[in-house]
Every structure is written in C-alpha cells, then in structure tokens.
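Taking it in order: structure first as structure tokens, then the write-up.
Chain naming follows the written order as A, B, C and D, and within any one chain the residues start at number 1.
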Amino acid sequence: MATDFFADIPTIRYEGPDSENELAYRFYDKNRVVLGKTMEEHLRFAACFWHTFCWPGSDVFGGGTFNRPWHAGANDSASAAQKREVAFDFFSKLDIPYYCFHDVDVMADAQGVAEHRRYFAEAVDHLEKLQASSGRKLLWGTANLFSHPRFAAGGATNPDPEVYAFGAMQVRDALEATHRLGGANYVLWGGREGYETLLNTNMKRELDNLGRFLSLVVEHKHKIGFNGTILIEPKPHEPTKHQYDFDTATVYGFLKAYGLENEVKVNIEANHATLAGHTFEHEIATAGALGIFGSIDANRGDHQNGWDTDQFPNSVEELTLAVLEIIRAGGFTTGGFNFDAKVRRQSMDAVDLFHGHVGGIDVVAKGLLNAAALIEDGRLDAIKSERYAGWDGAFGQQIGGLDLAGIADLAEQKAIDPKPRSGRQERIENIVNRIVHSGK
Amino acid sequence: MATDFFADIPTIRYEGPDSENELAYRFYDKNRVVLGKTMEEHLRFAACFWHTFCWPGSDVFGGGTFNRPWHAGANDSASAAQKREVAFDFFSKLDIPYYCFHDVDVMADAQGVAEHRRYFAEAVDHLEKLQASSGRKLLWGTANLFSHPRFAAGGATNPDPEVYAFGAMQVRDALEATHRLGGANYVLWGGREGYETLLNTNMKRELDNLGRFLSLVVEHKHKIGFNGTILIEPKPHEPTKHQYDFDTATVYGFLKAYGLENEVKVNIEANHATLAGHTFEHEIATAGALGIFGSIDANRGDHQNGWDTDQFPNSVEELTLAVLEIIRAGGFTTGGFNFDAKVRRQSMDAVDLFHGHVGGIDVVAKGLLNAAALIEDGRLDAIKSERYAGWDGAFGQQIGGLDLAGIADLAEQKAIDPKPRSGRQERIENIVNRIVHSGK
Amino acid sequence: MATDFFADIPTIRYEGPDSENELAYRFYDKNRVVLGKTMEEHLRFAACFWHTFCWPGSDVFGGGTFNRPWHAGANDSASAAQKREVAFDFFSKLDIPYYCFHDVDVMADAQGVAEHRRYFAEAVDHLEKLQASSGRKLLWGTANLFSHPRFAAGGATNPDPEVYAFGAMQVRDALEATHRLGGANYVLWGGREGYETLLNTNMKRELDNLGRFLSLVVEHKHKIGFNGTILIEPKPHEPTKHQYDFDTATVYGFLKAYGLENEVKVNIEANHATLAGHTFEHEIATAGALGIFGSIDANRGDHQNGWDTDQFPNSVEELTLAVLEIIRAGGFTTGGFNFDAKVRRQSMDAVDLFHGHVGGIDVVAKGLLNAAALIEDGRLDAIKSERYAGWDGAFGQQIGGLDLAGIADLAEQKAIDPKPRSGRQERIENIVNRIVHSGK
Amino acid sequence: MATDFFADIPTIRYEGPDSENELAYRFYDKNRVVLGKTMEEHLRFAACFWHTFCWPGSDVFGGGTFNRPWHAGANDSASAAQKREVAFDFFSKLDIPYYCFHDVDVMADAQGVAEHRRYFAEAVDHLEKLQASSGRKLLWGTANLFSHPRFAAGGATNPDPEVYAFGAMQVRDALEATHRLGGANYVLWGGREGYETLLNTNMKRELDNLGRFLSLVVEHKHKIGFNGTILIEPKPHEPTKHQYDFDTATVYGFLKAYGLENEVKVNIEANHATLAGHTFEHEIATAGALGIFGSIDANRGDHQNGWDTDQFPNSVEELTLAVLEIIRAGGFTTGGFNFDAKVRRQSMDAVDLFHGHVGGIDVVAKGLLNAAALIEDGRLDAIKSERYAGWDGAFGQQIGGLDLAGIADLAEQKAIDPKPRSGRQERIENIVNRIVHSGK
C-alpha cells in the first residue's frame, strides 16, 4: 500500500527524553503504563484528514502553498484514492491507532445526491481495506454540512427544508459508514448551525429543527445498532456570527431541552474553548461535572488572534491541566485525542506534517505524565478535600436537611460569623509547576 | 420627605423632540400608547441604589470622587436613612415607577447575623414608608452575597457551609422584605458564585450546592406566597475568573438540571452580555426562544475595555434591536428596565446623575418607538416568513413526519439539489437604519 | 460600454428621507452644501474591486457562492476585461466619483515577472479608457504583495530578497499606473508584513527592510512626479499573527524612525481599528493629532467576532463620531471614503451589492450631516474649550515657562489644592444623541 | 529592625530541584553563573510596596480581606513606618536585592502640598536607614499621579494646570528621593494619562502637555545628576478607556515626537502587554528592535479576563520566551524583574505572599536557565540565520544598492520566480519544548 510521498520519513518511535532525533517521541511511549493503563489506551491518538490532507495551505488572504500531488488537478476518484493512501501511510508512520474524517474529505467531488452517495461509497470501501491493511482504526466519522454553497445558511438549521434533507442524506450515510468501519464515535460539528444576523433568523424554529435532527440521528444510531457515542462539538462562532453549540454548558442545556443528555456527549476542541472565553480545561471540567465528556480535538489557538488558528498543541503546562481534568472526568471511554490541527501555511513541506504531529503527541503525552504525577503526589487532592471539609462535617450535614428558613434560623441561633480562609492559589500553582518542571 | 440634595433639579418631564431643555425627556412620554400599551407599561423603568447612591466614585486605581453627604462618616443608621430619602427624591424627580436594591445598599453596616437582621428590618420599615409617600414601587430586591470578606469564595458555592448559611439568612430576609414591599421580582446575581482557579475547586459540588440553594429559594417563595418572579442574572466573569451563570444559555441548562426552568427566569444585563461574547439582543432572543426572559439591567459596556464599565445606554441603534427582541419575547410581565448603570468617576456632581438617567431613559424610549415602527412597517417580518416558507410547504411538512432514513431516501428519490438563496442581510440592515434614522 | 450584468438596476439617485425606494439615497445628496463644501467633495466615495468583483463568496470553511460570470473559468484576459467593464458599470450606477484596485484585481492571472507586467499593462490601458468613458476617477491604486504563495512570509519583510525584488517590481508598476491613471493616492497595506512566530523572525532586520522599501517608494514617487499621497494602512494582525503596521500610533513611530513622517499618511480602516483594540474615531483622532491623517477604508467589524468581517458600515451613531474627527483633522485632501466592505457570503445576488453600498453611503452621509450639526450647535466645542481654559489662563501660562523644579516650587508657594471637576460625559453623550436622533 | 509579622517564615534559600520544601528556591540559585553572569546579576529581582503591602485585598465588588495590622486604622506616620519595616523584612527574607515604590505607598496620607512633602521626606529618611541596615537596594521609585481624586482626569494630561503642577511637585520629589536612595531607574506609569471619552478631550493638547512633562523630567534628571534610567510603562487602558502609552511601539513614536528616544526606555509589564493585544515577548522584542528596552514588571494576566489581574508569573514556558528576548535585547543594564504582582484576594495569609513571590522567582529563574540552554543549543539561531541568508548573499547585497526602479528592472532581467520556503515553525516549537521539558 505504501506510497512514496513520505518515503524519506521513517516510522516514528519512542526514543526517550535523551534522544536527539527530532522525529522521535521523547514522552509518548505507547506501552508505558500510567495510572493503570498504557499511554496508548489513555490517549487514543488520532490524526485527521481535513487539515492534514485536504487543506491546500490557503487562507482568506492568499492561495494554497502546499502543492500536494493530489491537489494538482480536479478532486476526482483517482486523486481521492491517492490522498487516502498517503493518509494511511501517515497514520502508520506516526504509529498512532486512530484517524478521523468528514465524508467529503475522503471522496471525489460530487454533483447532487446520487453522485455523492456513489463516490462516498467508493471511498468507504477503500477505507475499509486501508484500515485492514494498516491496522489503523476510526476514532470518528462525520459529515460536512458547511462547505458546499448549498449549506451557506446552515445544514439542520437551514431555512430551506431541502438543504436539511440533503444534510440528512449525508449524515445517514456517514453514520452508517462509521458503523461499518467500526468507528468509536460519530461527531456533529455545527459549522454553520447558527446565524449571521438575528434580523433574518427565527431562532426558536432553528433550534427546534436542530433538536429534531439530532433526535433523528440518535434514533438512527440505535436502529442500525451503532454502539459508538454521538458527539457534538461546541464552537462559539466562525464562520457564523453565532453558532448555537456555543460551548459545553450551552450544549448541555440544548441536550436537556430535547431529552438527549444521556445520548450525546461533547467533543471539546481547545481552540473553540478559548474562542468561547474559556480555558481548555474549563470545558473539560464542565463536561465532567455535567456528565457529558466525550472526546478531544487537540489543537491550540493564539490568545492574540480572534479566529480558529488550529495550531498544534505546544504547551505542556496547558495540557497537564487539561489531561488532569480528563482523568478526573473518568478518562476516555470511546473518545480520544484527535489532532484537529494544521501546520502553518508557511510549513509547506511534507516533513512539517511530522514535526507538527510528533511535537503535539509528545506535548499531550508529557501532559499525561505530569497529570499522573500530580495525582500520585496527592497534595492537590488533599488541599481540595480540606477546603470543602465543612460540608462533610456536622454543620454541613445539618443544613443539608433544612429548608431556607431552617438554615437562616440556624445561622441566627448559632450567631455564626464565618471568616474567609485562604484558597492557597499561589501555593497550589507552585505545586503544579514543581511537578511539571522538576518532578517534585 | 424631600431632602435638599437635589434641590436645584426639577422633576423631569416629557417635552418632546424639539425641547432644548437638557433635563427633559424628548422621547419618553410615559402616557403615549405604543403597540397597545403606554410607554410606562412597556418599559417599567427603575433606578438602582448601588451605583447611584452607594458607590463613592472609586475604582481599582483610586478613591472616591463623589463626596456625597452620606459618605462622610460611617455608614450608620442615620447615614443610611439619609441615603434612602435622597434616593426616593431621585426616583420621584425622574418620574419613573420603580427602584431596585440589595439588602446592604439600604441599611447600616452590620456586624454578624443579629445586627444584620435588625438594621435591615429598620431599613425595610423606612422603605415601606418612602414607597407609600412617593408612590414609587419595587421592581426587585436582592441580597448582596459578594461584598463582605466572608463571601470571598462565594455565597451559595462557598466551600464553607457557614457562609452558605449566612447567605441563606440574607436571602430569606431579602426575599421576605421584597414580598412585603410588593416587589415584582426577586433577583439572584451570583457575584462570586464561580471560581478563581479550577485547581482548588470542586465544580460538581459547587454546582449542586448552588442548585439546591436556588431550589430552596423557590420553595420559600411559594411558602410565603410571593407571586413575583425569581430571576438569575447571568455574567461570565468578574470579579471571579469564571462565574457559573455565564450567559442565558448556560443558566437555562442549569435550571433544567435542577428542574427549575419553569420557576426561574433571567435578568439580562447588556454589559454582561457583551462580556460573555454576545450582543445584548442575542441574550434577549435566546431567553425568548428558551422561554425564560424576565427582566433587563440596562447599561452598556465599552467594546475596547474588558471589564464591566456599567455605562448608561447611549446607543439608540442598539436599544432598537434589544427592544425589538423584548417585544418578540412577549414583552415584560413582571420585569422592567432597571438602570444598573453608573455615571463616570469624573461625573461627580449631583446633576450628572440626572444627565445619565435622563439620557438613558430617552435612549430606551426611542428604541421602543423604533422597534414599534419596525413591527408596524412589517417588512422584516415578511422577509423572515418568506425565508422559512419552505418549512410550511409540502416538502417541509413531509419531512416533518419522516425519520432520518426516510428523509435521506426522499432526498435521493427527488434528486434534490437546493441552491443557496440570498439572506438579504444588507437590505434588512438598511430597512432598520431607514426606520431608525428617517422613519421610513 | 454597458454590460448587462446590472441591467435591472437603475442609476442610484438622491430621493430624500421620505423616499420608499430601497435603491435610492435618502441622505447622500451629492450637491448639497454642508460646512462650505458639497457632500461629494467632503466624502469622496469610492468602491473597490477586490471584495466586490474578485471575491467569489468563499470563506475558510466553504467555497464561493457568488457564481459571477467572470468566475466561471480561468481568470484570463477576457474574464478580467469583463470584470473591469462590469465594475465600471457599477461605479457609474452608484454615481460615486472614485474606485480603488490592487494590481492583481484588475488583471489576468500571470506566471512570473514578464507576464505580470504584460497583463497588468493591458489592464491599465483598459482602465484608462473606462475612466474616460465613465467619468470615474481613481482614488488609489495598490499592489497585492500577500496573496500569491511567494509572499507567504511577506513582501518587503520577506527573508528572501528575491521576493522583495518581485514586490518592488509590482509596486513600481502599480505606482506608475496610479500616476498615469490620475490616482489621488497610492496605498501600501502590509498584509503579510509581520510574523507568525518571533522564534524564526529577525524583527530588526525586517523593520529595516520595510523602512527602506517605503523610502524607495517615496523616492520613486518624487522621481516620476506623482503628486498623490503615499498611504500606509494599519492593521494589527490577520492573516499574520502580528503585523508591523499595528495601528496609527505604531505607524507614526515607524515613519519617524525612517524620517518619513512628512511623506506618508495613514489609510484608516474601521475594522482594523477595532481589531487593534481601538474605536474607529480614536484612530482618526490619533492620526489628526499626529498630522498623518490620509484616507478611510469604510467598513465595520463585528464586536463579537475577532476577525476582519469587512461588513458595510451600518451605524450612523458610529459614523457621526468618525466624520466629526475627520472634520476636526481637517477633512480629506487627497483621501476619501473607500468601501473596503463585502456583502455577506449569503448575499449572492447582484442586487445585494447595491443594497450594501447604498446603505453604507447613506450611513456615512447621515454621519456627515450629524457631525456638521454638532459643530454648528457648538456645545461640544464650548464644553471642551471651557474644560481646558486653565491652560490659557494665568497659571497655565506661568507654568508653561518654568522647569520641573520651578513648577514644583510654585505649587508649594501657592499651596495649590486642585479639586476634580466633572467631565460631563453623560451630558455630552446626550447632546450627541439628541442631535443624531432628533436634530436638537 | 526585624518585626514579628513574618516571624514564622525563614529566609528563603536555594535548595535545588529536589527539595521538598515549599518555601525554598529550586531554580533561583543567585550565585550560579549562566551565560557569564550570576543569576542575581541577570535577573535583578525586586518586590513592590503597592500590591504587597498597601493593597488591602479589595476589588470592585468587595472590601479588603487582608487585615494587615497597618491597615487597622488611619494611614498615619506610625502605620506607614510599620509598613516600611515589615516590607524590608520581606525583601530580606526573600533574599532579593531590590524593591520599588510609589511615593504614596511609603508615606502617611497627606493633605495638600506641604504635608505631602513633609510626610514623604520622613518616609525617605526611613527608607534610607532600612536600605542600609538590610542591604536592599532601590530598583526604581515613582510618583502616584492617579489614585487621589485630584488626578481623576489625569496628571500631566489633566485639563487643569494646577493638577499638572501638583504632579510636577510629586515627581520632582520622587525623582530626587530616588536619586538620594541610589535608585537604578525612575518610572512613569501614566495611570490616568489618557481619556474616558474623545468627546471632551483635546488629544493634541494632552499629548503635548505629556511630552513637555516628560522633557522636564529628563531635564531635571540631568540637572540633579541622576544617572539612572527614566522609564515609561506602557499600558493600553484601565482605569482609563484609552491610555496614551498604549504599548511599546506607541511609546517609541511618542518619544520620537518629543526627541526623547535616547533618554527614555520602557518598563514592560506582562499583563499590560496582553491587554494591548500582544504577547509579553513581543513587547520585549519590539523594545529591543527599537533600542528602548529598559526593565520588566513581572506578572501575568488571565487570557479570559479583560482586566489587569496582576497575578504572579507561573508559566515557565512563557518566561522562557520572554527571557530569551531580554537576552537578545542585551539583557538588563539598570533594569530588573520587579514583581508587580499581587496574591489573590482569597490568599489573605502572610505566607501566601511568600508562596506568590517564591513561585514567581523560580518561574523566572527556570525561564533564564531554559533561555540560556536554547542559546547554547544554537539550533534556533542557526535556523534564523539560514532563513535570512539570502540578504547576505549576492542578490541581497546587490538590491541593497539599487533604487525601486533598479530593483524592479533587475527582477525582470533575472526573470526571478521565488518559491516560498518552509518557516519550520512546528520544528522550532518542538526544539523549544524539548529544551524546556527534557533539556534536549
């Protein structure tokens, strides 16, 4: 199966922190056991088709810089097949277990429903073979309901029911393909499920259409026997002015409104978290607290740039906090770390794709090692337990059984006069830093 | 009752658009009927105690500039009484029907539970008399669970149950006082209900404590027969790093999680909306779509400054869109427009308080006139109806009865190939501008 | 010359505020005299090639929706000619005096230097004829040093001197073409003159290269006898992580560093101002205070979206403040209001281009009428003069002649104890609103 | 001299990375030689009076939580003296060489000029003794021209010349005190040198007043023989809507406008950098490129909160990049790392002040070690040199001697067709991470 696009690149292997090989893992030792599971089982890495194999290196202000062979002409069946083969070479050379795709990422450009179905089926057949020959697995599939001009005003929230129906066709097929390919999850990212201006938008109608669409997807999942998880990926805006799946808390409310909170979880993207005004770890912790943590799209934004830069994660400090919250949320079940990240437009060489992924994988892996060390150290947990200890004590238990007036009366009877206590934030931050930067 | 603090200021009256009197209303004609109700009934204006009578004109980088007589010494019973009297002079001179307060705004500084209850009761007695003599009414009351050092780590989400109990005492008393004073609503703003760092925070425990607190408040409301509305005021952060009531959609999810979505609504503040990454009108439209629109805290932020500037609303264009969404959400029932706005620190003269409120009231009033004109014009509604017309047509109705596979199959049978249609955003924005700026 | 692309659209005329014609001006009466000049002379409107005729309606997440006839195949000489003809029809139908272009906007796609020069020359010949036949004039020309992949790392700041040389060729030709076409200004927007990461950037070397490039352009301007103004267009970032021409104050420092502050002015874009953390009017006022105000790129951003949305201006309130600062900066000499604005991706019909421009023109025109009314009203100027009156009084004059110790000693001798005075911000904002919304 | 406020805290010592003592340095080994200088000489740490000893733990939404003994009553001479003594105990126990202060931080509250001068002189006498007995030195002094109500509309930019004169008195005295105390620098932070609304502001007049004020300060410095550096501290806004010293590039333009670019440098604060839309390292690199790098105010902001949180630096990754740029800018001469950072309002115990500073010092120290390792590794410099190598080659040198037309002609003659080359951003970021996280 091997193509020659990455002929110069060896399979990436773990060589340990002392290695001077820039194309080796220093921290990602897939068989190393951490907190009772191998790193591979903990992190469940995936690479994606869209940024890594479809995007030509263009941006709003300029054309593609990448010049991949499969970008040379039309995206026909031959080009799509070449792209799929190169992609599987890549997944294999990274030696990570999973990959992810949108329907249109893997297939030839199609006109209309019939052609779409035919080209997609052709692609899925090939993917099935590539999976078998490479041993790589599908973390999740999804359908692209935002790139084609017909989706300019959204997919499931489109004012035109024909667009909704076109989207339903794509999602049905992508969900069934995901099932056939043994995918662990199916994702819905509402790229244009939002609005450009409230002035021409019927928000209630659009939300109800979106809620019904999701209900139909869940129903179909059960009908076909797909056991993977349905995931929604929150994002606050871009390309739309406002996207309905703004953040994890918003998605939770949406799921509750349509009775889907036990059926659907979230796929949290770091850059989407920061665009929504949150830290990455906040979104994970929120999903954990609400019981809807699912999977991760690993990348980072730029704190000075207000758009989705989708850079590779490069902060071990940040990933330490993120992985810590993932572990506290119970870790991944069906989810994993998918690199929804793209090399810079100036990084046009094939080797740059490896630099991006190898660096990102090691950043996440070191984050896991640090998070595990923090948990094993125990000080953070001890400080937190002590901080809330009053709720487990007599007074805390007592007020747990009283109504508002009862608690108020008790406060008066006891003439309570509670004093603030130090939250020890600086001490805690030092503990984290010491684990991260000197292991103590 | 009249004090002499505002002796030089006459009662503010409607004088029409041609008036050259800077202390007169040009648009707020309280008896003018618009869309079937008087402007007074539509807008239900209130002024607040905290910014207007308690805040001394300080900021993080400097001390108070205002030098009100009641700020001269300690905030004892006499000072508090003077402040209350001046405030009611102000409400009367503005000729608006409502006011709002936190418990600590209207009372002398207290040490401990017993003193708090005594001083607050003393203040409520006085407020009752002032209401009767002035004819002013209470839009909403609330309890301040964020200023005293004991609330440094929150009120209902405090790690210390004694602080929770102290807060319960305050809320019980403030809710009962609101009931006694005939208040139309009771508000909970979670000033410090959030976290400074996730590292010392048990988010699930805090959310559950907050949910239970709110449930107790609702239960107590029913027990005492209070018919007003319980309102939560969303804010994303400040003073905390993250506040749990981030925005309207988040509050909705929170209410659903604790089964309170039919009991509690939102008090939307313009500046909190923009801090959360939303427009003011977005938050109103969201509340309308979710069925939890309650009341408004009228102010504005500064788009270049990332904190709560709480300036007076001064954009008629913005208020036109906001009032339009209020009307579409059904208008106020118990809610109203409360000026949670403060004059600038450099605006230290008594007359500046009038400039701020008179200008703000007229901005909102002109917004109402414009919104009504847009509704009466009908073009916006017509464009929107036409945009979604497909959902009311045969195809839209047909897919309403099908499952995912049924819709997908239909799409294939019909070989649908929907084309994007213009959303006409620029045309619509022109219509709004022409109504706002030339009445056509 | 007329093409049939806009066959259904009549020439846009002034019909006054009472017109119900959506494709008529209500405020832009080009012959109306305001503050001693006609509105046409004040505002000097231009439309642009790039957003209006070159952009296909694509964004980062989806392809073009516009399907203009000249987008159907390759951008060859015939397509480019068709585009130029349609554009001039548009400028004529809007009845505005000016247009603007980048070299690559108006020409066929070229490979290499020779072809670039040949196709550009061909386009300029045609533009010259179109100007003559239509009576439209060139507000400014520019060269695009950011879209072609060769400019991925910048033009004048590129690490590769060959790219710098390619850019020099383009700028030389575009400047000479602008001169030949009677252009009033020549613009440099440093689209990729910045960095993606400091880690691979020699900032000092890049700034020096950029400074020298600008010096060469100024020198060439004088050599060829071009009397127009050289303009730099500030922008803080996007597509780059950081752009060297961050904002007006930064550009001023850059000009001073290379001795060009009397040779170059700024072309201020509203959306770039807000991306830089400033108001539009701030950037104009700063340019006025520093003596480098040149021209305007009229558009607006979205305060909730952190990228360059380039929407049409639609806030009369904002434009009132902006035009007020333009007048205070002396008004335009060679500059004008160029619509660097694009209709939304969903506004794909030809008529939407007219809705965008007609609305934008009227918003600016009403802003001018309001600004003139504020100046004629005189209250704002009077308040400001009074506020600084002390500096014109005895004490202000006295300290103007003393050194630091002299002033300090005087303060001590006079035992001065200055009190803060109200800045009357709310009163002033009310005056503005009353002029804007009721003319008083 | 020792007070008993910090009686329980030992002097903080270097114990190395393996220490389990939370109140020890793990990386800050003051005598360790790095790149030819000791760490103490490189970093020149200082602690500040204002956040650490003056601020009571208040914020906009609540009162002080700290209850330091010297906050108990009025800030009279005795309280001020106690505060000074405790502060010097602190500086000594941290074992850092420097401290910083505003005039009002160290003195009793004063009414009017005479009292101000008397109380300040009293404080300076005491500081001189404390310096002698403790061996601590003054990194910089400054005058507070923003907290007192008289400065509500600014100091040097105040519309009232008496306020300007009052400020001149304070600055004269503070500069002379700094000189007498052997201070290494004198800082001007323009806390309210900006505007709240352009509508009442004469920007040109204010800038000229500010420029003259700075000129007078420079003149006075020379007159009294002060050899330290005059520093301006950029900040974009807060408390003002806009501060004139927005960022480093803006300050540079301001200095050039008043001919002071060789007399004044910048004191860069991390949190001010991010509020201005820049990274911390960007501001340092810019100052280095422009030749005005002076000193550092070490702290951090919160990327999700839009105000000056002034937290302790806790990102080694960020400080690595910052220190790298400091070294590239030539390192400190008179400047140093001053902790303009405050513990959280919930961190009310004395020990929290140590956790904050010890952690911050170690973060900066580890950043220095990492930066030195990156420089010694050499790969970053090699990549950068190679990237710009063309400018040192024949073509680069050739175009260095040509004018615009000459370069354009050369491009044509040579038919150049430069291809973009990879900027290797991901590879470079990996190199940094490997040095930071595994030393390779």
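By our rule, contacts are C-beta pairs under 8 Å (C-beta built on N, C-alpha and C of every residue); 3 or more make two chains touch, one makes a residue touch a chain.
Predicted, not measured: the structure shown is a model, and the values here were computed from it.
Which of these, A-B, B-D or A-D, makes the same contacts as B-C in over half of the contact pairs?
More than half of the contact pairs of B-C reappear in A-D.
For the interfaces A-C and A-D, which has the higher count of C-beta pairs in contact?
Taking the two pairs in turn, the one with more contacts turns out to be A-D.
At what distance in angstrom does the C-alpha mean of subunit D lie from that of subunit A?
38
Between subunit C and subunit D, what is the gap in Å from one C-alpha centre to the other?
36
Return the residues of subunit A touching two or more other chains; collapse runs of consecutive numbers into ranges.
65, 149, 151-153, 196, 237, 242, 277-279, 304, 344, 346, 348, 420-421, 423-425, 429, 432
For the complex, which residues does subunit B have touching subunit C?
Counting only subunit B, the residues touching subunit C are 17-20, 22, 26-27, 65, 274, 277-279, 303-304, 312, 314-317, 343-344, 346-349, 352, 355-356, 358-359, 362-363, 366, 420-427, 429-434, 436-440.
Where on subunit D does subunit B make contact in their complex?
Interface residues on the subunit D side: 57, 59-65, 146-149, 151-153, 191-192, 196, 237-239, 241-242, 275, 302, 304-308, 344-346, 348.
Please give the residue numbers of subunit B that touch subunit A in the complex, ascending.
Interface residues on the subunit B side: 111-114, 117, 149-153, 159-166, 168-169, 171-173, 196-205, 207, 209, 216-217, 219-220, 223, 236-237, 242, 246-247, 249-250, 252-254, 256-257, 276-279, 281-282, 285-286, 288-290, 321, 325, 380, 383-384, 387-388, 390-391, 393, 395-396, 399, 403-405, 407-408, 410-412, 415-421, 423-425, 428-429, 432.
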